[in-house]
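This structure is in structure tokens; I'll ask about it shortly.
By written order: A, B and C. Residues from 1 in each chain.
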Amino acid sequence: MNALELADVSVRINQAQILHGVSFTAPKNQVTALLGRNGVGKSSTLKAIMSLYSPTGSIKLNGTELIGTPTHAIAASGVAYVPEDREIFATLSVKENLSLASRSKISSEKMSRVFEIFPDLSTRQEQRAGTLSGGQQQMLSLSRALLNDNQILLVDEPTKGLAPKLVTEVADALAEVAKRETMILVEQNLALVKRIAQKIVVMDQGKIIFEGAPEKLSDSVWVQSVLGVSNRGKHS
Amino acid sequence: MTLRWKYSRYFLIVIVAALFAAPILGTNPLSKPGLQQTLAVAFVFGALALTYDLLFGFTGLLSFGHALFFASGLYLTCIFINHSVFVWWIAIIASILLTSLLAFLVGAASLRTTGITFAMVTLAFGEAGHVIVNRNFFGLTGGENGIALNAELIPQIWVGVVNTKYLYWSALICLILTYLIIWWVTESSAGRVFAALRDNEMRVQVLGLNTRNFKLLSFVIAGALAGLLGSMMLLLAGSAAPRFAESNITIALLLMVILGGAVTRWGAVVGGIAYSFLTTRMQDLTQNGLFAGLPKYVSGPLSEPAFLLGIVFILVVMFAPGGLSGAYYKLRLRSISKKYSSSK
Amino acid sequence: MSTFLLMTITGIGLGALYFLVASGLTLIYGLMGVLNFAHGAFLSIGAFVGLWFATSIMKEATIPNFILAMIVGGLAAGFFALLMEQLLITRLYDRHIDQVLVTVGVALVVGAVLGGWFGNDLRLFPTPLWFLTGINFFGAIIPADRIIYIATAVGLLIGNWALLRFTRIGLIIRAGVENRNMVNALGINVRRAFSTVFFLGGFAAGIGGVLVSVYSSGVSPLIAGTYLIYGFVVVVIGGMGSVTGSFVAAMLIGVIKQFANYYVTGLGDFVIALLLAGVLLVRPQGLFGKRIS
């Protein structure tokens, strides 16, 4: 059973074609990792799903077409988005960030569930989110997504730019989340991907070049897809 | 394949020649001073709209302070002539140079901002100019009443109703001169940078060009030409008055460019001439009781030119963003592609 | 000393009027990126509806009646703003320049309609007698109407602050000023916040319109223009999107203008233009604005 199905999704911005007919599926209750070098269209794919770009093709959430639906309606139908640069609201407090994100009245049960995963945040509820550390901001961004009942989580490079100790912390949290949520994860950290992903999708130049189980992906493609070694080899 | 009509250049030459010859070709509407005067003013606004198109259409700068430079040319020329600082033609050149300097200073300050802030800031500078001429500092600008040009200090062929045709020809020459300069600027390599700035500023920055300097260049060229047209307007109006410095003038220019269609050059000129001509005519018609039969709450707004203009303007922005010239090219594109597909 | 006090307080009174115009402008800009040229039209509509209410419905110019007229004027302008947002602005979603152009068109049409109906001459606004008295404030005789301007502006500032601080829509507006797309991506229709802000901006401008009519001793479609431009200047100096910034900038401009005009008649506007240029050179994002990268 697939939570999300993309078929022939393309995105053009001005004259540049960013996605060339992307098709893949994200099975329910699994983590699908989206891999590829920088700039191949991973983040754009997530943005297309959220309608932050205007894509063509078909994107179905549990059988319902999302293309043409405004961003807020997509989010409200249960697609939680954790963007690449966290995009927490810097001038609002931690608590305000969370209460804004919660679509129903925020319950103490939900809050405690979030604070269980991210104990750091519970003591900083009144702090302005802009003054949090990078890792804490990432946790806040994830918490915003976890407050609601989701059909699927879209998480974009959650460990990017974090110190090694924080990477472990965020990774642990994600592994915890992965136990009960459907997720599409864009990530460069291979250890984390191998730890939690049940399915791998590899992109190159706006297209899908591999889709399948992690075991089927040979080590050379692993390295190629993320570090772009093959590309570098071509030029030298 | 080009969207331009292949006879457009000949067509333009014929029209210009006809406009030049009309006042002396026997009896026709253009042999009367009234229409000559109205059209001369319309030519000046057509040219002014073209300078605004250079800013807004070609460079993407939404300035609300362009009237400042028009008024600066107008007032400085008048002051230099009246106080016998310079002979009339040196007065015009000097006022264009000083207006360029003013445009440089205002542009340098305003271009520290971009987009909508730039619009607000230029509006504020434009208004400051309006306030200054309105206040009559040192008795130079005559305050609210403005100053009359001393007609004894300019060539006599520009004075008197019988000589209106000379003013008409001068205005037409100003329009052609402005058109040629802007044609040259926009087709030059600098003009291509202006267009690139409008479309994608980042790409120009990547090429290592200082984007602000190019914007400033466009701002100064448009300002200097507006100064020249201000001098021409002074000859036509015979006086310098604060209404030429109002932000309403700039807003009118914006209307002309949007209605005529930006970035096509001829769109702005046609928009400017039509706008100026029609608003003058509208005023005459309403004064002669065009809407007399209607109840006052209908005739009142209808007799204000701004009412219909505003509505047309809103409709064009919402439904026909290319304006008049945009619609023309859309039609041409359709007929060309139809021809192309039928010949296949 | 008493002259100094008088100039300062009357300057703050003038600044209060500027703030009423600027508060809506800055919020609309901060949230939606729309430079609203129709804000002057909101001001005029508030003034004319307030005038109609004060003369046709209320016969006596008492203080409660005046306050009622002010609120009615504010509501009328607020609903007009809402109508404009729904009919025109929302259809030009993310076409910022076109949104500006449409507001220019609305400003033209409203100006022409009001001019066509009422003419451009000043019409007297019925003012409670108390407004014309002077109040002794530490030896300075302050015209009483200034107190009303200041009280209204402060009341609006507090109301604005409370709304932004304690309500959910306020939370959405604050978040939206920072990052509109992310608010949408959290499943909140940010357009609801747009409509609220347009209504509130119109309401504040409408109230400002009634007070401006008292200050300029009459109503005319022409008076809105000057205040709109001062509103823009306040917004730029205070920093786009910052209500607090607008409040501080408005007071500053009011006081500086008053002092400049006291020493040289007509110098005020000129000094403000220089101040604007200075602020832009030193701090292009305005006093309370965020750095635009």
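Side notes on the structure shown:
Keep in mind that, in the parts below, a residue touches a chain if its C-beta (ideal position, glycine included) is under 8 Å from a C-beta of that chain, and two chains touch if they have at least 3 such contacts.
This one's a predicted model, so the numbers in the text were calculated from it and none came from an experiment.
Chain-level centrality, scored on Cα centres against the all-protein Cα centre, points to C.
In this assembly, A is the chain whose CA centroid lies farthest from the centroid of subunit C. Subunit A and subunit C have Cα centroids lying 43 Å from one another. Measuring from the averaged C-alpha position of subunit A to that of subunit B gives a distance of 52 Å.
Taking each chain's centre as the average of its CA atoms, subunit B and subunit C sit 32 Å apart.
Interface residues of subunit C facing subunit B in the complex, by the touch rule stated above, are 29, 33, 35, 88, 91-92, 96-98, 100-102, 104-109, 111-113, 115-117, 225, 229, 232-233, 235-236, 240, 266, 269-270, 272-273, 276-277, 280-281, 284, 292.
Those residues of subunit B that touch subunit C in the shared complex are 62, 109-110, 112-117, 119-121, 123-125, 127-128, 131-132, 135, 137, 247, 251, 254-255, 258, 296-297, 299-307, 309-311, 313-314, 317-318, 321. Residue ranges of subunit A in contact with subunit C, taken from their complex: 50, 52, 70-73, 75-76, 81, 83, 87, 89-92, 96, 99-101, 103, 144, 148. By the touch criterion stated above, subunit C contacts subunit A in their complex at residues 168, 171-172, 174-175, 178-179, 181-190.
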